[in-house]
């Protein structure tokens, strides 16, 4: 079976972990990595990550050139760069490239521009691409519907230097119709990678749905999942939320 | 709107809490309570529970008499007595009584006998009738299907004098295909009412589904839910597991 | 060994649970209960709590009479009534009665008046008299001293109708020098009896000290502990915080 | 102020993280690293860890030579290698080197040999050198003494491939006098770095002391703490358990 060729935008802290997950998985071939800055000692992503092999040549985003995607064909482009990253791959759909964007926050006009690309190719966009967080999101909505009288609160814990409220927590609050300033409780201590808890309180019982991040490599696994899923899809706009919701619907047990 | 008339089998610790929930809810009328022992000072369940009113006359199970259910008509019979309780209400279906059994453990022959009653009336049987536990059961199965590579462990915590492993934990283990002796971890300390946690471990993230019991009155709320649901159903065998699974399936969100 | 005679002020929700703990413990004799309202069908606390015996005659606070404490001698008076309760037992010290006050919140002038009584008798005052909460308080202070660079946050969870922030959480915040509006996170859902968590975050590890209340009967056990401790103490002002701190200091292990 | 010179035995997964913590902390100078295998491309620990500077020359354990410690003087030797590591630094005390051993498990004869070195120099040995775990150990013992009627259970969670029961959990069980096969509950799922919980159950309240590891770099911070503490100590045998116990005793608050 032919390997799925991956192009990666973004080679920061998370981008490196994502690249590493693809390098370790032999269903994929890391075609190239696009990085913001031009200066780097190593020319290959694999070398930067401690491998002996030379895989994933690194390109500077400012020097891609007009026919980059045709000259360096990949099946799926994964974007962990920034909200402006899409501006450099507007031509990718013409070269048959499918797109996974895991940018956590877009301005409306940027999101609209990304969505335009879905007329020509399959585009999957999710601000949090992990399976676990999307399960939390879907399961919370289902439970709220089933137990409408339950009180619901969200507690999110992260490392002390994370300034803003967790985008994932805000998203959960939004889909549950909870006012974010009242119902999202943010704990900032030490080095906690990320913990989200949705508490459902009923008079005689409490239900807690909890997601704990161990490593941001989870985003790499989410990207792998998304790339596999997207590989044979027609043009259109997709999301991990919807994919996970569909999986939930298809897997409800019968007793 | 006419109140739903309830007959209750069992007036022990849990039975009393269940009776109390029905007494507080004006969609119901507590028609009678059947209790094991013949001796009791109070003739009314309501008085035993500290109310001024005289509601829910108490009958001894050994003195029900041949036409008890015809003479004391109710819409739904709720059984929190014991695995042998059904032997005293085999005639109930002939009087048009629907049945909710919340007995936690039946021997196969008793369960078979209970199921026979479902040929004539609507019978709902669930070993744990709370909404929360059944959500935990269904959500765990769904998540296991979605994340088949996750390792799964069950931790259940109860008061020190609970001798046996939690039936609910065993049920969760069974539906998840987990060997119970290896994957159910039982903590017995102090006065914990009941806590069940299903831990899903992935390489970079952990998901925990947790149910905490505050009071056994939760069983009363579960019985209320079951009685309302059953009130207009045709003969047949039903379960809270299936009801909750159906509710999950119907409430999966669309993004 | 002679039983310790207890007089109880307060017979509301918590007062009843406290009375019950003393009734079940044969090291004590419940001498009397003082209740706010004059009207009550039952004349004995024991009967109100479902016992057959007649123990703990109930007195209305407005009808105690001038020589109440001399005529109805007890060893220890336990106060679970209200911040004004002490006004009705100012004479108690003259009758040799020791005092345990578990009032959760005093105005400064009331607290000062209570403290005056400690010139004549042993007075123990604690806003939360449970062993567990006081251990949490002491252990949190110790850990903060040991790990001064840790970030600390407090999360407290209670039933939806609890309007104010937990006094215990505020006390923890105060002793840890944490600004209460920023570092105390209050969750109000369903029927949670009470949960306090102090989270200590370090760059590579997190430590959580958690106290979960199962029943307010814990206050009864705290009162029993306090009464036993106080029974042979000279006049003076004592607190559970200090008693538990002393116990911690005396029980540090040697390796 | 003169920097404390560190020599590190062990450069595996944990050893590298420990080296990194010392490299980042300018109170220390990483004098050298001793590694098991002879083959390595990089000659400096700092380079292996991605720094530009050349610090911490790497030596193979088999090639230390007779006067290694005199020729390469350090103040404190940190051992994260293996139970046999001490055999290569028996001469270190003669060169005035203090020793911190963080080996998780020694055979009795190896431990005895290590202890012999403490006649000549200050030796600190702890199987788990983190501040948090030792606080958990001490606080658990104190609470058990204060609440002797509490039931106690230990739950430890680690990544799926950790075969044996956590040594830390066994140590906690031992100091609490709990039979390890009954009271230590081991959860093995996914990629959990390490979580230890000691549950104390009383009839009306539950207390949980929880330690969560985020990264094994915590061992580096523990080693830094130990090295600073040891730097001016006379010959003798020390342990983190005892240091933390002393800190607890000195920091009990007065109310």
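In order of appearance the chains are A, B, C and D, and numbering begins at 1 in each one.
Everything that follows uses one rule, which is that a residue touches a chain if its C-beta (ideal position, glycine included) is under 8 Å from a C-beta of that chain, and two chains touch if they have at least 3 such contacts.
Everything quoted here is computed from the prediction, not taken from an experiment.
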A-D compared against A-B, more contacting pairs: A-B
Proportion of interface numbers common to chain C and chain D (over half same, under half different): same
CA centroid of chain B to CA centroid of chain D, Å: 50
Geometric centre distance via CA averages, chain B-chain A, whole Å: 41
Centre-to-centre distance between chain D and chain A (centres being mean Cα positions), rounded to whole Å: 37
Residues of chain A touching at least two other chains: 190-192, 200, 202-206, 214-215
Sites on chain A touched by chain D in the complex: 190-193, 214-215
Touching residues (chain side chain D, partner chain B) in the complex: 150-153, 155, 157, 159-160, 185, 187-192, 199-206
Chain A contact footprint on chain B (complex, rising order): 130-132, 135-136, 138-139, 141-143, 145-147, 175, 200, 202-218, 220-221, 239, 241-242, 244-245, 247-249, 251-255
